[in-house]
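Paired with chain B in one complex and with chain C in the other, chain A is shared by the two complexes that follow.
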Partner chain A sequence: MKRLISLISCILFLALSGCVQPSIIDDILMAEAEGLDYLGDNKVLGTITVPNYVTGGVSGSGGGGLPATAAMMSSASAITYDGKSLVEKLQVKGQKAIRVGKLRVMLLNKAYLQHGIRKLIEFRNQDPDVGRDLYLIMVDGSTKELLEGTYQTQIPISRYIYDLIFHNQEKNFPLSNMKIFMYKYYGAHMNAYMPIIKKQGKHIVLTGYALIENNRYAGTVMGDNANFIFKSLLETVNLGYYDYEYKPGQHFVLEDIQSTISYKVKNGNGAEPKITAQVKMSGNVRQGNPEIKTKNYYTKMKKKLQNHLENRMENMVAAFQKKGVDPIGLGDIARSYTRHFNDSSWEDHYPNAQFRAHVSIDINETGSSEMHDSSS
Partner chain B sequence: MLWFKKEKEKEKINTDTRKTDHPKNVRHLLNQLKRNPDFVHYKHVGGSFSCWISFFSSLINDESIHRDVLPFLYSDKIRSLDDIRKNVPIEKMIRTSDLKEIQTKLMVGFILIQIRENSNNALLIPSVLREGRQIEKSEVETSIIGAKEAFVEAIDTNISLIRKRIPIPQFTVEELRVGKISNTRVCLTYIDGIANEENINTARQRIKDLEIDHLIDTSALSQLISDNARSPFPVFIDTERPDRTTAGLYEGKIAVLVDGSPNALIIPTTLVEFFNAFDDYFVVWHFATAYRLLRLFAVAFSVLSSATYVAVLSFHYQLVPTDLLGALITSRSVVPFSPMVEALILEIMIELLREAGARLPTKVGQTMGIVGGIVIGTASVQAGLTSNVLLILVAMSALAAFTTPNYKMGTTIRFLRFPFIVAANIWGLLGITVCFTFFVCHLLRLTSLGRPFIEPIYPLRLIDLKDSFIRFPYSHQTERPMFLRPGDPSRFDYKRSKKRAGIQQNDIDE
Partner chain C sequence: MTSPKINETQQVSPKNTMFIIGMMQIGVGLLSFQRIAALNSAQDAWFPVLLTGASTLIIMGVIFRLLENEKPYGTQELFSMHKRFFGTIVGNALNVVAIAYQFMVGLVFLRAYIEIINVWIFPKLSPLAFSFIFSVIIWYLVMGGFRAITGIFYLSFIYILPLNLVDFYLIGDSHLSNLLPMLEHMPYDYLQSFFKMIPCYLGFETILFYYPFLKRPKEAKQWAMFGLTLTTSVYVTLCILGTVYFSHGELMTQVWPIISFWKSIHFPLFDRFEYLGMILWIWALIPSFALGTWVVSRGIREITGYIKQKYALIFVFLLNILFCTIIHNRLQINLILHYLSYVGFGFLYIYIPFLFFWQWILKKKRRRKHV
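This part shows the complex of A and B:
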């Protein structure tokens, strides 16, 4: 009897396998990029791109140059409403089942951000299929145009964008994958940000960061090394690069920058909290100005650069305070430094907070020849 | 249901005829044996003494009988059977009138001497022919360094191989007879005082209680006395190396030898020991540990790789790294089968190659293995039957399975893949997990001679872990495995061994 029961339950288990949806790897279309353009009136124009793996004959197979049976489709778009799974809407256009599990980049245009992204983020947060190393990106222009455009590279557009952002975030741009975005988006006293890209001729350019406040677009961090300043305020920099133009046409470049940041907050519950940032940087100099040959050239330039960076950091934070956004999470930092932190009054105190930055730079080396120091 | 009735009737007839065939007296027995051409039965008529001599010419030692037995019979001093006993220079002669004993002794190479042909009163002179294979190099469990001797089919030679290595009186050999017809000699060997009493009793009882007509080999014995006959896992190690057997005996294990089998059965054993090659004891412990871990990884890889391939390609496309997607999809795109069918085709192909290679003569087998592997492998990829990624995986997992030092465990490992592949096709990685859990539960319940089979892991025994997946240096292996509950648990004194290592001893020329 016991054996009969176990046999029957085994057979029942086998029958259950019919409930599992298979996704055999070459029988599905994997959407790798999703673009959403807001059309107004809660309508969204969505575009997906699918990388095309098989072109022509199959390598390794001896016979036949026929296109293989792998599904092929490069992009599709449809109009849908905000917060709906785009892929399900587009199934009717797919030769084979479209799956969203390998989504790598999600593009939103500016109008979408202005409209609000709460529904989208909540939908993404619910979906277990999609990984958290996905990039949420704002597109300056139309996402459909960007996704369907032709570029110099043959590589699928999704990989192009992903790689572009990935390698830049190892250097001068702050990290911003979906995990970080979600943390900043749902966290108290902090705001999320996402990179901005733009189609420029046959290239895609990473231009800066869009700030999100209260699930809507709230300005940008953009232009002239602003990303580096932003990154060094946010996190540890490992391979940074800063080009300092101290006079028109005169440049001083710090390379391979290692930078760490620590904050101190005083009077966190007061009307004017005092926030001090201590930034420690070290780097190499390759491009100095060969005309200046004084002995203490580097010491002078170092001090100048320190002051310059301090100013820029303070200005950036002042701009954030003016807009009422807090992408750095200064509120969160203040909370961690303040006993019995008053959550509700922080919003009022934040614009009045006094922010000071202290930068100390350590120049590790100045290249292979030491002609400047020895000549004077 | 009718079948069984018929069988029973047949059985009845069989037993009846057998009964009538049983010899009732010596004359009957001799008449029965006379039918055989190798049975010698004649009357010796001497000057003072005449007798009937009978023996199997194929079982007795020809040289010894003509040198040591017959010349004495022909001498004038002999007048009765007792005189023979006094004069023939051979030990352990038997004077008996027991028909059963006469029969069994005749069949193992004794010479029967009677005064009258029909007399039950007889003298049995041992003159057993010991002819067999020379001791040769081990073929199955080869080793690069260390002893090369291997057991042979003759049980006495095997015992001598072990006894040479354990020169103490406590080394005990117990002889048992197994098989209703064959009456095979089975020897239970252990070191008295080290081996656990309970283990010995259990082993003895299991062998004695066997209900079987004949016993061919230790492998058959290991299946017959194993704790769970339904389990695919072997629970006793059989080895052809006397040094490995001896090492087991010194730990407190029991070795069982069967006449006619060139293997010793070491009982009880744990799962981990199946993955330890005896070579591990000949290299420094760092490398021994590394090799053991490598083998462990190989087993996991061998069981799980093709199943994981099936699971990931059928259900979990999210897990595939983006850079690998292209390679997988292009190699899969011409294949008309689902990943499971594809994997099964390749796995069965590899099994076919292995089986054919094992059955063919050595030289042909090798060529066939290589050519067959390359030709069929490459051709099946080009024909679009399988993907080349899977071909690599399957070939590697086959290779990994062959790193298992024990052949029987290797077979089990190879066949474990198939339930895993099927489970992977049903539920993906969840299926693999379910299947894995099933086997882990089975292993947890499995015992070897009543001792837990996956012992150093569960129940956790730190002392035994010192010689499991990892091997500690010899100086740290102070205790015999706890698993065996040995009579004397400690091998040597740790403090004294440390002290000796600590003292700066001068070299002889200093």
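This part shows the complex of A and C:
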């Protein structure tokens, strides 16, 4: 009797699968990239791309060059209002049901960021269908053009962008996927940031980071050198590089930089809070300069670079303070170091905060050749 | 009316108390408690969570004393205790309240789980179909007796453990400075968080019903304490993880922070971990629900004296399916949870000490009579 019941219950559980809507991979279109271009007057031009699983062409795949039963549609776009689920809107254009579960990148153009992203972010936070490791990206130019463009690579555009940003975030660019974005966006006394990409001929390039303050675009940090400074103020760097122009036209590069940061805050509730950042770096010099003697890297040049980095960090923070943005979250750091932190007065004190950076660099090695006194 | 002593073939080893108590306390509350704990005491949420855990140890001590003192008078469980303390009529009325409470706990757990499945995976899954099929499984389990239920507790303990280890993937994204400055809040804030955490820890009081089924019950005490300490440590670590992983503002927007945790984990071949996690979570539901219905059906037998447990069980399931279908949105679930937490608080922190006191008075009275 009991066996019978267990058998029946197992069969019944199988029957449960009949209760819900199936999602068979061959019968859906998986939107992997969404792009939003703001047109003005609360109207948005939305574009999605769907990877095209076509077998054949590749040797060994056995497809014989014929398209498989999978999706053939590769992109669609439509005009809608801000905050609308694009997938829902484009369902009427979908050859098959479009699903959003594997969304990898979300592109927004500059006008959209200037218009405000609140509706979008709230929607992303509310919608459980989408994972939290997607990238929110600003596009310099039109997202539709970028998504529908042709590039040197055959790989779907969504993964192209994803890989591009992923590997750069291991080097000079700060980490920024949706989970970090949400952390900064909803957190008090900190501002979010997102990468900026641009279509350049047959390539996509990562140019810098856009800062978001109060839902809106609030400036940028451009270039890999500036972003190295930005990243080392934000988090631990593992494989950074910094191109130092020590005098006009003369460079050397500090590579494989490992850097850690710690902050100290004094007088967090005062009118002029004192924030000190202690940055410890270690790196190698591989691309030196024939002008510099090897032993000087460890002494003179190191000192110079330290001072230079300290200056740049302080200037960067001063620029943030001037704009009133706080992507580093200095306010949150001050909160964690101050008992009974005064939340309301921080906004007034932030521009007056005194920021000091102390950089100490440890040069591990200088490559496989040496420059002696005599060789110059 | 006192039931005969439980046959040894029905009893379980005292070690199992740890698994039973541990898994009874881990329920859907675990998926959402981080926000609720942080509501009043922000970065110090771990402290009231720890306090609530410590208070459960005290209550557990009282429960054990209560049950041990009952030894000379008959079966050491709540149903017969009620009857001895307050007479058959009042005692049975209290028994009805007790099983109604246990019934509601099981029901809310099941319904909240269905809600999570509805929100995250299958919006179209009907509560009727799910609760029906689920009931068939639980029926099979409860018919196997207390030993089968204990076995399921042990299994689910093993299955759920790795799920908690997965959360440590997130340490890499943590901001430890979120925990600072420590212990900054007012005692009143902690008190509020303390009360809000109580529903999460509920479930260990079922030992009042299955105590006679434990072999060498004296030994069970330490295992029960281990179980409580284990769940407390799970809640405290998860609370700390929630604080360091989310910013306070973000945490306030999350209904199920743990599922958002899982949402951020991905493996090369497995993109969305939360789907696996939520499906595995049914293993937390099965044993608690089975023990809950076991208590309710046993209670019906004890109260009426003539309805067999297996018929009572069918009645309980029908009621369950009915309620699961009637409750159809989150507001109602939250409302029930809200009231249930009051009842649970009253039951554990007021009623059990009261019973203990009453037992003591009865003892005094009886001694005086003898003298």
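Quick notes
Here is the rule we use: the second predicted complex is superposed on the first by the 329 of 376 C-alpha atoms of A that agree within 3 Å, B and C clash if a C-alpha of one lies under 4 Å from a C-alpha of the other, contacts with A are read in each partner's own complex, and residues count from 1 in each chain.
As a convention for this text, a contact is a pair of C-beta atoms (placed from the backbone, for glycine too) under 8 Å apart; a residue touches a chain by one contact, two chains touch by 3 or more.
Source: prediction; values computed, not measured.
Shared-chain residue A:S9: touches chain C; no touch with chain B. In the superposition on chain A, contact of A:H167 is made with neither chain B nor chain C. Applying the stated contact rule after C-alpha superposition, one finds that A:A188 touches chain C and leaves chain B untouched. Once the two complexes are laid over each other on the shared chain, residue contacts for A:R159 go to chain B alone; chain C is not touched. Touch criterion met: A:S23 reaches chain B, while chain C stays clear of it.
Within the superposed three-chain model, A:K43 lies out of touch with both chain B and chain C [touch as defined at top]. Contacts of A:R99 after superposition: chain B is touched, whereas chain C is not reached. Looking at chain A, you'll find residues 13, 20, 101-102, 131 touch chain B in one structure and chain C in the other.
Those residues of chain A whose C-beta lies close enough to touch chain B in the complex are 13-14, 17, 20, 22-26, 28, 30, 51, 53-54, 58-63, 68-70, 99, 101-102, 104, 129, 131, 159. Contact residues on chain A toward chain C in their complex (touch as defined above): 2, 5-6, 8-9, 12-13, 15-16, 19-21, 101-102, 125, 128, 131-133, 179-180, 182-188, 190, 332-333, 336-341. Only residues 312-318, 320, 322, 325-326, 328-335, 338-339, 381-384, 388, 425-428 of chain B touch chain A when the two sit together in their complex.
Across the complex, chain A is touched by residues 119-120, 122-126, 129-130, 132-133, 136-137, 139-140, 143-144, 173, 175, 177-181, 184, 246-250, 252-253, 259-260, 263-264, 266, 271-272 of chain C.
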